[in-house]
Amino acid sequence: MQVTEYKPKIVAFCCNWCSYAGADLAGNNRLNYPDNIKIIRVPCSCRVNPMFILRAFQRGADGVILCGCHPGDCHYTSGNYYTRRRMALLFSMLSYLGIEKERTRVEWVSAAEGAKFAATMNEFSAQVAALGENKRLEDLRCKP
Amino acid sequence: MTHSDRLKEQILRTSGVNPLKCMRCGKCSATCPSYDEMEYHPHQFVYMVETGDIEPLMKSESLYKCLTCFACVDRCPRSVEPAKLVEAVRLAVIREKGGNRLHTDDIPAKLDDDMPQQALVSALRKYSK
Amino acid sequence: MQRIGVFVCWCGTNIAGTVDVKRVADALRNEPGVVFSAEYQYMCSQAGQDMIKNAIREHNLTGFVVCSCSPRMHEATFRKTAEAAGLNPYMVEIANIREQCSWVHKDMEIGTEKAIVLGRTAIAKVNLNAPLTPGESPVTKRALVIGGGIAGIQTALDIADAGFPVDIVETKPTIGGKMAQIDKTFPTLDCAACILTPKMVDAAQNDKIRILSYSEVTDVRGFVGNFSVTIKRKARYVNEEICTGCGLCTEKCPQKKVPNEFNLGMDTRRAIYIPFAQAIPKVATIDADYCTMLKTGKCGVCAKVCTAGAIDYTQKDLIMEEKYGAIVAATGFNPISMEPFDEFAYSQSKDVITSLELERLMNAAGPTSGQFVRPSDGKHPHKIVFVQCVGSRCAGASKGKEYCSKICCMYTAKHAMLIRDKYPDTEVYVFYIDVRTPGKNFDEFYRRAVEEYGVHYIKGMVGKVTPTGDTLRVQASDLLANKQILIDADLVVLAAAIEPDKSARPLATMLTASMDTNDFFTEAHPKLRPVESPTAGVFLSGACQGPKDIPETVSQASAAAAKVIGLLVKDKLVCNACVASSDEAMCNGCSTCERVCPYGAITYADKEFRMPDRTTRIRRVAQVNQAVCQGCGACTVACPSGAMDLRGFSNKQIMAEVDAVCK
Amino acid sequence: MKVRYFPGCTLKTKAKDLDRYARLCAEELGVTLEEIENWQCCGGVFTTATDEIATKLSSVRALMDARDHDAPLVTVCSACHNVIKQTNHAMQNDADFAKHVNLYLGKDGQYYGEAKAIHYLELLRDVIGFDTIRGKVKNPLAGKKIAAYYGCLLLRPSQTMQMDDPENPTVMEDLIRALGGEPVVYAQRNECCGGYAVLEDAAIAKKNSGKVMTDAASHGADMIVTACPLCRYNLEKNGTGEIPVVYLTELLAEALGVKEDAHDAQ
């Protein structure tokens, strides 16, 4: 019998201007990061509605990471500041609901930081993997 | 953790000063009224605490030349507060057993008829424990 | 129901090397909405694009997904393909299976599986895509430049050269700004007036440029391409059209005791005045705060001597309203007040001066007619101390500015050099923390001051200046010699930090242009869009964006002009199609979105709604100006009622993507 | 009105004039200085170390007294004032410090910086007002060129003391003007006299006091006025001896015409 290694399901929201380009650069440089991380492109990290993150956990995601431009470098000037504040609130609420803080993260990745993107993803994936599957919030009806 | 690391940590904690804020302009030393009497000058206190080179400071007479007049504190463009570092290093010395600078036996010789009590209590507080 | 096509690209072996493209195409064929699926070696090639166009026609596709490289690479290409085949370009989505998949993974199985998920995610999104049409707005082909210093003048000249009309609004009676007050310029030492005044004349004579001096912007409405600006033309009590600038009135006016701001109060002028000889417009202005006629009704000397009859004591402020397509902020800078730094005795001695005051003292048209003498006693100083970084690079509780003012190192080197050159009997000391001279020929210039002119540069700071009798006792540290030194100087010159002009803050509010904590205007992108404000149609020129020297200011001024011209040549502006829009039925008018919008794109309107019982009700609802919205989506998350959504990245679309990823 | 008054050790011994005239003048201006009962010495200097707690308790107790009487705490001695104001500031802004102090205080009560500590000069300027004082002057100090000496304790650290512009103070000059005198502005007026270091190294005091006095004299001052006993001692003993040094309250008493009363009372 083949034993498959547990791979957490991770959703990564990347802003179009910095982090998505950073992910592209990681690819350009052929830097490896786990295949269980899937990127969703948004115009700005501030486009990420807390609903999206709740939805991901409901649908069985084990971790969610948000990547945006570095503070002060936002393409839209102040979007990532909104993100920072909103997510601080959301993550503490999620932790109250039993979703460990280690399952969520906001990271600033610039378009030049391909290596940082890959390293962050590797590290985050390992961190979420260590926690095991996420059972809280998960909606069993959404399971195959 | 080495002895000098511990010493540095103690100085930073008791003083509440962050020497990394210093931009090395030397205005503290430019404004210090006791500069010429000091072996190590205010800007050197900041730099030597930053690098952990504290023992020479503890042995130095400079500790007892600072007037706590706060000119360096008020005029520092980076709000480093060098006088608080001098005080923290001095306390590290005089809090040790036998570290007192001013001994009560020696006081009568230093007094004159007009000397205000204020000078005495201040000096005791600064130089002894 | 959508009819979706899927096109999987091999990208040679770039994708096909680690992704089984055939399996991907086959797997995606069964996704909901998909009616056609194929793979090809290079989808971006002409043949690949033709394949897509044919499929659109043959299978009546309503949208398609390309599984290929990053959308940052070819999204635009495939949108054009769609458009060429008669499909709305926003019905295209890209699954990034190269940068995010084949290049990241080495295992064929893993790569293929991931590519399928990415493709499925894109299909889920396309299923919810709707055709989008970017809005259009007209452009008023005229620009407004706020501020008439060298930055504003250069910007206006460049815009006018391209054939567009420009207005310069300047609060002072003349254009020219700070550069007009400067004596010589570094690193070439040519006289500032000699290079500035021809430009001022060019501006005055250019029939595309209108100079509105002694005027202020009081209100700005509208958006990119369509600004409506209210300008107050302050009463100068002199008819600008008639005044010949002969200057007779300024000689005869009996009120002689007005501090002359052009010479920083170091001498006096009359109540009616022309700021300096080369002023543009060269017309007189009456200072209402000092004019005896305006204050008491008794005098009228200027009216009597004016042969042209230009004096008009009854003049009133004039309010005008103008339309512009673009606005350039060029409000410039001022030295900060030296009041909080009295350890340098600025308030105690006339011989402690700022560097800008020194410029006037050294200028041939200055208060001493170019005689370099001490303000206190008119004697020639023999020992001069320069103090750098006064009020710059301050932090925490201290009272200055946190930033480096950038220009002081160079102008101090210039001053020191000029003094040593003209008066070799003078000893010059410069106290510095760091000497910062990046710039073409800048460090060479500073080194000349030291090596050729023998200026004493001392690493250290001045701690106290004590005026004693005739001299100023300067107490300072010499860090390299580890000494405290005393210098009995005749003159102390303070390199005061510079700060944005006070008018910038209210202007930024009117323009909804953002500012940093120091009241410098923020650029749209610190590296890639340095002359644009994040607010569309507002551009930045000169020191209002950050400390700058003259060459940098002029470069930025021309760059801003180029951006303005690029905007004004367009007849219509095509807006971003992926903009926010509010569902009026759901909006409760709470203003939350308006507060988070960095562009001021959201306004409110009272609208009439028909209620189910056939009555009508007026409600306040949000409206997004599509010409101004940049599509960041901040408002969509802030909206408590869920009325606000972003086209092209709608809540439903992103939810669908999340679902597909988590499946 | 009544205010709480912390005289300090020196005002009870070597600087009795400073104390006596302060009370008399305040009374003349309609303010009673009520001495706190059982006050303890402030310690002379504020120890800046964050872990020095016990040395600041006497100041906290004095401040508690003022709070309980719902009146400001007034000091004349610059040193006492400096220590008490800095302590009050720490009680208001350093929660950790306040916690430790309150542990020491125990059942004596708790304190969180509710009281207001002001210097006698602030009482004159902000509570009574220089205009009122000007109206009460009986013997204007006309023709007298007076150099105000602030030293370090009144002004610094300026963020905490909030007394005046630390580099260009005007409160004493304004007072001198109100009393009919002519203030002499000189740069050394906010430099240190040498302070307590006179015990350790009298040369420091000599150098600094000398500098101050020479600067004042060279600007044509007839006298120096100060609010600090130690400043006065250093200037008189270790200065150049060029001009006399008087207490601020003595000068005030002379102008208000209450100085003679004091002599009579003696």
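Letters A, B, C and D mark the chains as written, and numbering starts fresh at 1 in each.
One rule holds in what follows: a residue touches a chain if its C-beta (ideal position, glycine included) is under 8 Å from a C-beta of that chain, and two chains touch if they have at least 3 such contacts.
In this text, all values refer to a predicted model and were calculated from it rather than measured experimentally.
Among the remaining chains, A is positioned farthest from chain B, on the basis of C-alpha centroids. With centres set at the average Cα position, the gap from chain B to chain D is 25 Å.
Averaging Cα coordinates per chain places chain A and chain D 61 Å apart.
Note on chain placement: the centre of chain A and the centre of chain C lie 34 Å apart, centres being C-alpha means. Centroids of chain B and chain C (each the mean of its C-alpha atoms) stand 47 Å apart. Counting partner chains per residue, chain A has no residue touching two or more of them.
Listed for chain B are residues 36, 71, each touching two or more other chains. For chain C, residues that reach two or more other chains under the stated contact definition are 343, 397, 464.
In terms of which chains touch, the assembly is arranged in some other way, matching none of the line, ring, star or all-to-all patterns.
Those chain pairs judged to touch are A-C, B-C, B-D, C-D. Interface residues of chain D facing chain B in the complex, by the touch rule stated above, are 8-10, 13-15, 41, 43-45, 47-52, 55, 77, 79, 151-152, 155-158, 166, 191-192, 194-201, 203-204, 207-208, 228-230, 233, 236-237.
Put simply, chain A touches chain C in their complex at residues 9, 11, 16, 20-21, 23-24, 26-28, 30-33, 35, 38-44, 46-52, 55-56, 59-61, 72-73, 75-79, 82, 86, 118, 142, 144.
Remark: chain C residues 343, 389, 393-398, 400, 433, 459-464, 475-477, 479, 482, 484 touch chain B in the complex.
Looking at the complex, you find that chain C touches chain D at residues 339-343, 345, 347-348, 397, 464-469. On the chain D side of its complex with chain C, the touching residues are 159, 165, 167-168, 185-188, 191, 215, 218.
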